[in-house]
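What follows are several structures.
Note that subunit A is present in both complexes that follow, paired respectively with subunit B and with subunit C.
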Partner chain A sequence: MTIPSTKELLQTMQEAAENLSKNDRRDFLRKGVSYLAGAAAVGSAGAASGASFSTNLPPNEPIWGRQLGSGVVANPYGEPSHFEEHVVRRTVPWLTAESISSISMSPIQNLQGIITPNGLVFERYHAGVPSINPDEHRLMIHGLVDNPLIFTMEDLMRFPSVSEIKFIECPANGGMEWRGPQMEALQFTHGMLSCCEWTGVPLKVLLEEAGIQPEGKWILAEGADGAHMSRSIPIEKILDDTLVVYAQNGEMLRPEQGYPLRLLNPGWEGNTSIKWLRRIEVGDMPWHHREETSKYTDLMADGRARRFTFVQECNSVITSPCPENPIKKPGFIEIEGLAWTGRGKIKGVDVSFDGGVNWQPAQLKGLVLDKALTRFSFQTKWSGQPWLLQSRAYDETGYVQPTLAQLREQRGVNSIYHKNSIHTWQVQPTGEVKNVQVT
Partner chain B sequence: MFKLPNIFAVTLLSVAMVSGVVQADGHKYNLGAPASADEIAGWDIDIRPDGMGLPVGSGNALDGEAEYETQCAACHGVFGEGEGRWPVLTGGEGTLSDERPVKTVGSYWPYASTLFDYIRRAMPFTAPMSLSDKQVYGITAYVLYMNEIIEEDFELSNENLATIRMPNEDNFYVDDRPDVKNPRCMADCADVSSMMLASSLSGVTPIGHFVEGADAPAASHEGQHNLETQKEAKRKAEITGEEVSESLSAEPAMLSVQAQAGEEVYKGACFVCHGSGLAGAPKVGDATAWVERVGQGMNLVISHALEGYSGSTGFMPPKGGRMDLSDEQVTNAVHFMVESSH
Partner chain C sequence: MTIPSTKELLQTMQEAAENLSKNDRRDFLRKGVSYLAGAAAVGSAGAASGASFSTNLPPNEPIWGRQLGSGVVANPYGEPSHFEEHVVRRTVPWLTAESISSISMSPIQNLQGIITPNGLVFERYHAGVPSINPDEHRLMIHGLVDNPLIFTMEDLMRFPSVSEIKFIECPANGGMEWRGPQMEALQFTHGMLSCCEWTGVPLKVLLEEAGIQPEGKWILAEGADGAHMSRSIPIEKILDDTLVVYAQNGEMLRPEQGYPLRLLNPGWEGNTSIKWLRRIEVGDMPWHHREETSKYTDLMADGRARRFTFVQECNSVITSPCPENPIKKPGFIEIEGLAWTGRGKIKGVDVSFDGGVNWQPAQLKGLVLDKALTRFSFQTKWSGQPWLLQSRAYDETGYVQPTLAQLREQRGVNSIYHKNSIHTWQVQPTGEVKNVQVT
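Here is the complex of A and B:
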C-alpha cells in the first residue's frame, strides 16, 4: 500500500472541500480526518518511527486546534468517537444457524472499570429483538396469588425504585472450550459477560401486592417476544434479590436488553433474567420448560444431567494483556482483569506467571460489590520473557476458582455450560498473546 | 370537655394521610389493576409435566404428519434429522455418554409436556403462536411418533399427555455444585514435568479486527455465508474455468414504492430463510438465484409465495408460515426481494 504524503493528502482534501457545499463539508472533513488517522495507524504498526509524517504531532499545531468542530446537538443522543469503531459486539457465526436466535459478545478487552456501556452489553435472543410499545406493554401476575394483577409501565415506575450494579453472564460463556482452546480472542472466550447499574422494583414487592399464597414455591417468568422464553425460578430467590428492571446505566433498557421490562436474577445464569417480561405465574412446582430441560441442563460424562444449575460460580480472566491487547514493549506493565461470582463478593484474586505452579496475590481495585464485576490489578515488569499467565479468583464463601482439569474430572467435556475454570494466556517473547490450555 | 381547635384536627388528619401507607384493603401501594379471568386465559399458555395448562383437545401423528411437513420440515428435516444447521429433533438414543452425544426430544427431553409447550409458544420459528391447539396436538404426536415414543394412531390429548413417559426422564438430578474444591495453593502447586500445553486452533474465530492480514471467518452470519458462497464459486470456477462474479450482494437498487412497503415484512417474516439462503431459499441479493424464477412471470412467483411452493431447492411454506400477513403485505415483500436481487 502506498501512503500519500500528508501534504498531498491535505492538498487533495482542501481542493475537494472547496468544491463542496457547506452542508457536505463537515462530513467530508470527518472522512478525511479518519483516513489520515488510518494512514497513521498503518504507519505506526509498520515502522518504529511511527506516525512521524503526521502534521498533528509536536511541534506542529494539530488540525483540530486550527478549526471548529460541530456544535451542540449536532448529535442529540451522542456516540463514541469514530476512532473507537473497533469497539463493538461480535459474534462467532458458526455457533448458531442464523442471527435471530444467536449470541454476541461484549468487547471486554476494550472496557475499563466495571460498567458495560449499554450499546456493548452482550446479546442473546431466541426470536430476534421485538419492538415493543411501552404504552401497550403489560406485566401480568397470576397463579397462586390472592389478587391476580396487571401492571402498566406507568404503574411499575410508580413503585419505589432500587438501583443495583450486577453482572449478567451467559452460562455458555467459555463453553466452546471444554475440549480444548479454539477461540483466538478474549472477546470470544469470555465476552458473554456484562455488568450494569439496573433500576427497577424488587419482584418481591410486586408479589406481595398480589398476595402470594403459602403453597406458592416457584414462579414461571415469561417473555413477550416471539420465543416467549420461559424459566422456572424458586421463590427463595425472588424473596432474596430478584428485580423487575426497566432501566440500565441511567436510561431505559435497550431493546436488546428487554425494553421496556426485564427480570434480573443477580448472579444466576443470564437466561433466567427473562427479557421483554410480560408474565409471572406463581405455582407449587417447576414447569420444566424447554430452556431448563433441552437447554441449560449440564450433561455429565455418565450421561446423566444436572438441572436448575442457576448460580454462576466464581470466575476471573485477565483482560490486559490478552490476544487483543498484546504487550507492545518491555518495561512496566499493569496486569488487569475481571473477577465475579454469583455467590456474593469477590474476596481476592491471585496471579500466576508459570501456568499455575506459583501464585501471587493481586490487588482488587475500585468497587467490590455483591454479584458485580470486580477489577483486579498486578503491577510488574516484563522484559520479553515468555509467560503462562493465569488468574484465580476466590469469593466470600471460600470457593476458589477451579482448574480445567478439576472441572473435566467431575463433569467430562460435554456439559457446555458453567465452565468457570482458570484461564491461561501464553505471552510470547514478541509480546503477542495466545489462548492456550495448561493441564 | 376539651375540644381540639378545628385547625389542629385538620393538621392531624393530613399527617395521617402522608404517613398512612397501609391502605384500607391491606395493600401497600395499590398499584396495578385486577387481571380478569379472560385476560389471564389469553396469556396463560404454559404447560406442566402434570398436564396443568393443557387445552382441551387431541390429535394424532396421522393428522400431524402433513402439518409437520409443511410447517416444520423445511428446517427440522422430513424425519426430524435437521436441515443444515437447524436443530435435530429425532435420534440420538443411547448416545448421551458417548464422545459426541446427540441430544434430541427422544434421547434427552425428560417430559412430553415440554414439547407441546415449546411448539405452541415458539414454533414454527418464523410464526410463533400461529398454530391451533388441534395442530399442536397433531404435530406433537408426530414428533413423539418419529421418536418411537407413541404409536402412529395414538390419540394424544389433554387427558393422557401427562401419562407419557420419556426414556430419559430419570437421568436428571438437581444441581449439586459446588462439585470441585480447589485449595488456594500459593507455591509449587503443579508438577511442571507433567504439565501439558494445548494451543488454540487458528482460523475458527473472526480476528481480522486486531490481527493484520488474518484470514479469519467473517464476523456476521451474513458475512460468513457470503464468504462460503464465494469460496464455493471459486472452487467451481477452478474446475469449470468460468468467470466468477465478484459481488454477490449488489448495490442497493432503486426500489419501487411497493418494494419499499415490503421491506419491513421481508425483515420480519422472510429474512430468516431468504437472507442467507437457508433451507434452500433463493438468497436475496443473489441475482442468479432469482433470474429464472422471475422469468416465469411475477404473478406466478407471487402466487408461489402466497400459496406455498415446493420446487427443486426446498419447500416454501405458504406466506413463509405467516398466515397473519395479508396478501398485499406478502406481495410487497416479494417485490422487495426481487428488486433487491437484480
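Here is the complex of A and C:
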C-alpha cells in the first residue's frame, strides 16, 4: 500500500506526548525503567517495560490491567463487547405495518472489510422467522423432471459443497429516495445489503440428478415459512451460478437467513434467493405469483411495469464519511466506501467532491471478487471546506452507475426497486454530513 | 466444478419417492394440482404448487408453514438457531487449572468454507478476558524511536485501513499428541485454529510515524489485560505484514479476541498476535520475557530448547469424515479438509487411504489466499472398507508436511508446540472414525 502523509493526524498524539513532564519524558525514553508513572496523559498506556516486571502497579494502571478477566467456560458462543451495543440492525418503524413482514438494515456505517458478520446481516421476511427443525425439513424437486426427488438436509450435505463470497441486496435498497433524499443515515439509505461466504450445492447438480426435461425453462422456488414466498427463475441462471445454501460465514444459516436451507442467486434481487427453501418446481414458463406481479415490479412513468428485473445493477456508496460518521477534525482523511454489481466484478470507482462535475479515480482495496462487496478508498485532506461527495462505480461489463437524473429519465419516480443511482453526501464546514440531492 | 456420479446418494431419496402411492404420484407429477396431500413420506415438502394457492392447508403441512414466525424488532443482534446449540467452542477441563488462563477450541468439525464466525473463534488467554473501554484505551509506541507516540482508538481508525483474510493458530494446536493419539475429537486435536477477515493498520505505518532509530531491530508488544502478556518480534516481520487490528469479519474485535485492539502477525504463533494491545516498544534485541523463555519454547530430546520458533509451518487435517462426522452410509463421499501454512499459500494437498503408502492429489477449492485456511476436497466412494485416512499439504515454498516419525526424529517428544505432522483417522467398517497413530 502507499503510505500517505499523515502528519496532521499526529497532532493530537504529539500534544499528548508534550503533556508529559520532562522527568516523565526521561523515564519514558530510558529503556529498562519500570514505569511511565504519574502522567495522566498516557492513561492506560502506562505500563511495565524493559526486562523486569514490578508487582507495584502504578496508580494510573487502568482497572482491567489490575484484575483478572472472565474465564473461558462462561462464554461458549461469543458475543460482541457491550461497548458495541449500538452496532445493530435497525428498522424504519413507519416502513411496514407489521414486524413479521418487515426489514432490518445492516449497520454498514460501522462495518469494515467485505464480510458482514452473521449477527448483522440485513433481514427481510414476509411472515416472520420460522423455527424449522432441520431433521424434519425436506427439499422437493418436481415438475418437468424425469425423477422427482426429495432431499433431507443430510442428503444435501453429502453432495460436494462449494463456498463463495457473494453480496446479497434487497432490490428496495434506497427505494425510499426515488423522489429525493428522505433518510438521514447510511444505514437506512443503503443498509439492505450484506456480504457473506455462503456454502452449499449448485442447484444445477441437484437438477441434473432429477433430469430436467427439454421443455423445462423456468423453476419455481418456494419457502417453507408461513408466507410460502415464491419466485420464478429462468433456467439459464440456475445453470450459471445458483446455489442451494446451508451455511453462511462458516456456520449453519441463521434462522432469519433461511435456516436450514435457502436459495442463493448471486447478484440478483435478494427476494429471489428464497429462504427456508422447500420446493423447486421445473416448468415451461414463469408462474406469475404475487411477488413477481403485484410486488417486486417497477412501475414506470407511463403506467406500465417492468417485470423480472432480476439483476442488481452496479452501485456504490461512500461509508466514511457519512451521516453517522462525520469528519471530526481537519487533516488527513481516508474516504472509504463499498461498490458492488450483480453482473460480475467491480472494475473501478471514481470519487467526486463537487457533486459530479469533476471525478478522480479511487483505489480498490482488498479482494475484488465476482458479485461480492468491494471496498474502495481515496486518501486526501479536508480543511473544513464544503464537499458534495459522490462515488461512481463501473463494472467489468462496462456498465457505469447512473445519476439520479438519468435513472429518473428512464424509469420515472414511481418505482420502489432498483434505485442504484449515484449518491450524494454534503459535507458541511462543521464536518457533519447530510443526505442531499444534486440535480 | 466436476459433477460426480452420485447415484448411490440418491437411493434413499428414491425410496422416499417410491413410498408415494400411485395416486399421490399422479398428483405429484401433474402440474397445477394444489397439493401433494397425505403422503407422510414427503412431510414438510408437501406444498402448494402451480398457479394458485389454496387457503385449505393440508394436514401434513408442518407447523412452521401454518403460522407466523417471529418479527424483525425482537432480534437486533442475531444468534444461531437453537437447533445449532451443539456448535460451540469447547474446553478440555483437565488441560488447565483455571478457566481464566485456558483455551477453548473452535468446532472446526462443524464449519464450512474458510471463514470462522466470530462467535466460534478459538480462545486463549492468560488472565481472563478484560472489559476495556475503547474511549480510555491507548496504544503507546516508544523505545528506540524519534517520536514516542500515544494513539487513541479514534487516532488509529483514521489511518488508511487494510482488510485481510488470515488464519490464526495457537502453536499448542495438536500439542497433546506428541507421544501418541490422546484426543478423540477433531475439535480437540486441531481446534485451536480459526480464520477471519481482519481489519487494521500496518504496524510499519505507525512505526514510520514514530521513526525507528537505526539500532531498532526488535519490538516488544504488550497487552493491557491482567497478564500483560508480551512478546518480542523481529523488525523484519513488522516491515513485512504485521497489522494492528481493530475489526474481525467486519465488526469490531470480540472481547476475547483483544477488543478494542490487537496485534496480528499473519502465519505466526497465535500468542505473538498480542491481544488488548497497549504498548509497542522498539529495542535492539529481544526482551526474553516469560512467554518466550519458560513458555512457548520447544524442549528438544537433548534438553536444549528451541526459541523464537515463530512460524506455524504447513499443516492440514481432514474435517469430514472425522470422529464427530462418521460416515453414515456406503456410497459417494466427499472427503474434505483444511490446509494452512504460515509461509504463504498452500500449493497442494495429497490424500492417502492406506496410512501414507499411496497418495492421490486432492483438489483445492474456493479461495486460495496467503496465510489463510484453504479447503481441499477428494471425491470418492466408500463401500465399508477400513481406511487409514491422511492428508499431506505442501506450500508454495516447497515445504511438505512431515510425518509424526520425521517430526519426532528432529524434535523428540518433549515439545508442546509446533506439532504439524500428518494426522491419521482410522475409518472402521461401521463408518466410525478413530484418532490413531501410524508408525
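Here, the second predicted complex is superposed on the first by the 380 of 439 C-alpha atoms of A that agree within 3 Å, B and C clash if a C-alpha of one lies under 4 Å from a C-alpha of the other, contacts with A are read in each partner's own complex, and residues count from 1 in each chain.
By our rule, a contact is a pair of C-beta atoms (placed from the backbone, for glycine too) under 8 Å apart; a residue touches a chain by one contact, two chains touch by 3 or more.
Note that the structure is predicted; figures quoted are calculated from it, not measured.
By the touch criterion defined above, A:306 reaches subunit B but does not reach subunit C.
Comparing subunit B with subunit C, more residues of subunit A are touched by C. In the superposition on chain A, A:142 contacts both subunit B and subunit C.
When both complexes are overlaid on chain A, the residue A:288 reaches subunit B and subunit C alike. Of the two partner chains, neither subunit B nor subunit C is touched by A:214.
When the shared chain is aligned, subunit C comes close enough to touch A:123, but subunit B does not. By the touch criterion stated above, A:76 is placed in contact with subunit C alone, subunit B being left untouched. Look at A:375: by the touch rule set out above, it reaches subunit C but stays clear of subunit B. By the touch criterion defined above, A:247 lies against subunit C but remains apart from subunit B after alignment on the C-alpha atoms of chain A.
Once chain A of one complex is fitted onto chain A of the other, the partner contacts of A:180 are limited to subunit B, with no touch recorded for subunit C. In the three-chain superposition model, subunit A touches both subunit B and subunit C at residues 45, 90-91, 98-100, 102, 127, 140, 142, 147-152, 155, 158-159, 205, 208-209, 220, 222, 226, 228, 278-279, 281, 283, 287-288.
Of all residues in subunit A, those touching subunit B in their complex are 45, 86, 90-94, 96-102, 126-127, 140-142, 147-152, 155-156, 158-159, 180-185, 188, 205-206, 208-209, 220, 222, 226-228, 230, 278-279, 281, 283, 285, 287-290, 293-294, 297, 299, 301-311, 313, 323-324, 350, 354-360, 388, 392, 394, 399-403, 406-407, 410-411, 414, 418, 426, 434-439. Note for the complex: subunit B touches subunit A at residues 27-29, 31-35, 39-40, 43-50, 52, 84-86, 96-97, 101, 103, 105, 108-111, 113-114, 117-118, 121-122, 125, 128-129, 171-190, 192, 195-202, 204-207, 209-210, 212, 217-225, 272, 275-276, 278.
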